[in-house]
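Given below, in the form of structure tokens, are the structures.
You will see two complexes here that share chain A, one where it goes with chain B and one where it goes with chain C.
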Partner chain A sequence: MPGLRLYLAQRISAMVMTPLVLTHLGVMIYAIRGGLGTTEILSRTQGSLLWGSLYGLFVITVSIHAAIGLRVIAYEWFKLSGLLLNLFAILVGLGLLALGGQAVYTVVLA
Partner chain B sequence: MIRPHQKQPLWLAFAVHRMSGIGLALFLPAHFYILGTVMKDTRPLDTFLHWSELPLVRVAETGLVFLLAVHCFGGLRLLALEFLPWTPYQKTLAALAASLALFVAVSFLLNGI
Partner chain C sequence: MSKLSVTKRGDFVKMCIWRGDASGGSFVDYKIPVSETQTVLDAVTWVQRNVEPGLSYRFACRVGMCGSCAMMVNGRPRWTCRTHVSKVIKNNQIRLEPLRNLPVIKDLVCDLSDFFAKWLKANGRFVPTATREHPVKKISPLSRQRQAANAAIECINCAVCYAACDAVEQYPNYLGPAALNRAWTLVNDVRDDGKRERLRAITADGGCQCCHSQHGCASHCPNELNPARSIAGLKQVAVTAIFKGEV
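Let's look at the complex of A and B:
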């Protein structure tokens, strides 16, 4: 049963992330024109509820998605299992969540 | 040694999806860390962004954009395979995903020149 839950969490996070990734790709192609600068990035994101929500959701879903994906690889390639496997996945998920949360806070709120 | 099933286009699609996922998972912590440094001082990010305009770095960035796009479009094919009625065009869809990803990456590269 935990396997089914992880499978669903992986697929649902992918479905939620798809429009966010497409938006991010569009923003990157648009923003790269004329070069990137910190001021230019911050002028777009600072205090923006829209970008804050969008990238906040992105960080949450990518943390779940990557943690489960790397858990599968750790199981298949490195034969990790049981508690060690789950600890690895939790560490990856929480690490990405912490770093990503800090990044979103920085470019939107700080 | 390459096994017979590893010569199949859809095995290649699986391998690309997995390797792009690993690449993105390795890149993400550095990406988040760099963005997180703006809070303390904007100079490190500016230095990094200036560095990222070097031609070789821009090509590497294009590779990262390709990884994100190919993981996204390849993932959409997998979601369709698992949740929608079966279609026999899986190789075509995999090729379409790779083509779209290449289009996105080249658009990024050309727009940045």
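Let's look at the complex of A and C:
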């Protein structure tokens, strides 16, 4: 069952994600229509504080938002509860954070 | 076959009524003579008076005021005293069950104890700020708060919204649309003095945050109220309260 603070965290993360999703879609369309290749894209993102911050924030908000959403689904559909439910949500959040973090690291810092 | 053609005087329809109690039950078919203006409640009453005297169901006013006669009619919760047979008949039959999300007592009668207990749990009781010795407080019917309260106040406690709500089904502790709708009317009542306790109640376990905004309550409410909108209002109040450190 969602507590009020989890409810709030999910709504705030959704609010932050909205412009980030739109920006991401815009960037994807621009990159494809402009015919940019992998090397050209990486040359723009490597070492960029702007892209690193933008996608870093994106990964953090996705991890929070999806973990809380899946926690609700796990409770309602699979009847997980208590410690198991919270453990599931934390693992989902950390997993998404690790995967997304690795992607951001590769595109911006590696 | 058109709906009206099977409900002329002298026609019959099949009524499948759930018979049983808390330990279980099954559907029993009855053949009912119908007329064009007959309500579902009329048809149930006909069964009890003519075929099955042991059939249990609830009703009182028969004019859509008391909220006693709600049942599942062809899978949807409805007030049966204001539901014409001709409007809901499907394949020449009507299927009646006790309200969803509530424990069955017998046949079409549910135990509404939890439903009303949740009204109390949501602090649905008006807490007066004045006594009869005080002058009557003047409240403009045009004020924003009074209009918000008025929009939600005509609830007849029929539990149709409660039966229509998937969140109630998923969360047994969820206060439900009717209780929260009542809380919203009091949140907007400037004469009420129970706001702090009510805020705690609507934000606690089973509070307004459990609502998925599916609007099943609003689409089924026989009085055309919109409990989902009331709950959305409560969510705004709750979020504001978090930032103010009140909950």
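The criterion applied here is as follows: the second predicted complex is superposed on the first by the 104 of 110 C-alpha atoms of A that agree within 3 Å, B and C clash if a C-alpha of one lies under 4 Å from a C-alpha of the other, contacts with A are read in each partner's own complex, and residues count from 1 in each chain.
Note that contacts are C-beta pairs under 8 Å (C-beta built on N, C-alpha and C of every residue); 3 or more make two chains touch, one makes a residue touch a chain.
Computed from a predicted model, the values in this text were never measured in an experiment.
K.L.:
With the two complexes superposed on chain A, say which partner A:A14 touches: chain B (first), chain C (second), both, or neither.
P.N.:
Touch partner of A:A14: chain B, not chain C.
K.L.:
Report for A:L50: first if it touches chain B alone, second if chain C alone, otherwise both or neither.
P.N.:
Neither partner.
K.L.:
Now for A:P2: first (chain B), second (chain C), both, or neither, which partner does it touch?
P.N.:
The answer is second: A:P2 touches chain C but not chain B.
K.L.:
Classify the contacts of A:L83 with the two partner chains as first (chain B alone), second (chain C alone), both, or neither.
P.N.:
It touches nothing on chain B or chain C.
K.L.:
Is A:Q102 in contact with chain B, with chain C, with both, or with neither (first, second, both, neither)?
P.N.:
Once the two structures are laid over each other on A, A:Q102 reaches chain B alone.
K.L.:
According to the contact criterion defined above, which of chain B and chain C contacts more residues of chain A?
P.N.:
Chain A has more residues touched by B than by the other partner.
K.L.:
Between chain B (first) and chain C (second), which, if any, makes contact with A:L42: first, second, both or neither?
P.N.:
A:L42: touches chain B, not chain C.
K.L.:
Could you tell me if A:L22 is touching chain B, chain C, both of them or neither one (first, second, both, neither)?
P.N.:
A:L22: touches chain B, not chain C.
K.L.:
In the superposed view, which residues of chain A touch chain B and also chain C?
P.N.:
Shared contact residues on chain A (touching chain B in one complex, chain C in the other): 11.
K.L.:
What part of chain A is in contact with chain B in the complex they form?
P.N.:
Residues 11, 14-15, 18, 21-22, 24-25, 28-30, 32-33, 35-39, 41-42, 59, 62, 66, 69-70, 73, 92, 95-96, 99-100, 102-103, 105-107, 110 of chain A touch chain B in their complex.
K.L.:
Hey, which residues of chain A end up touching chain C in the complex?
P.N.:
On the chain A side, the touching residues are 1-8, 11, 75-76.
K.L.:
Which of the residues in chain C end up touching chain A in this complex?
P.N.:
So the residues of chain C touching chain A come out as 170-171, 173-174, 203, 205-207, 209-210, 235, 238-239, 242, 247.
K.L.:
Sort out for me which residues of chain B touch chain A in the complex.
P.N.:
18, 21-22, 24-25, 28-29, 31-33, 35-39, 42, 45-46, 49, 52-53, 65, 68-69, 72, 75-76, 79, 82-83, 104, 107-108, 111-112
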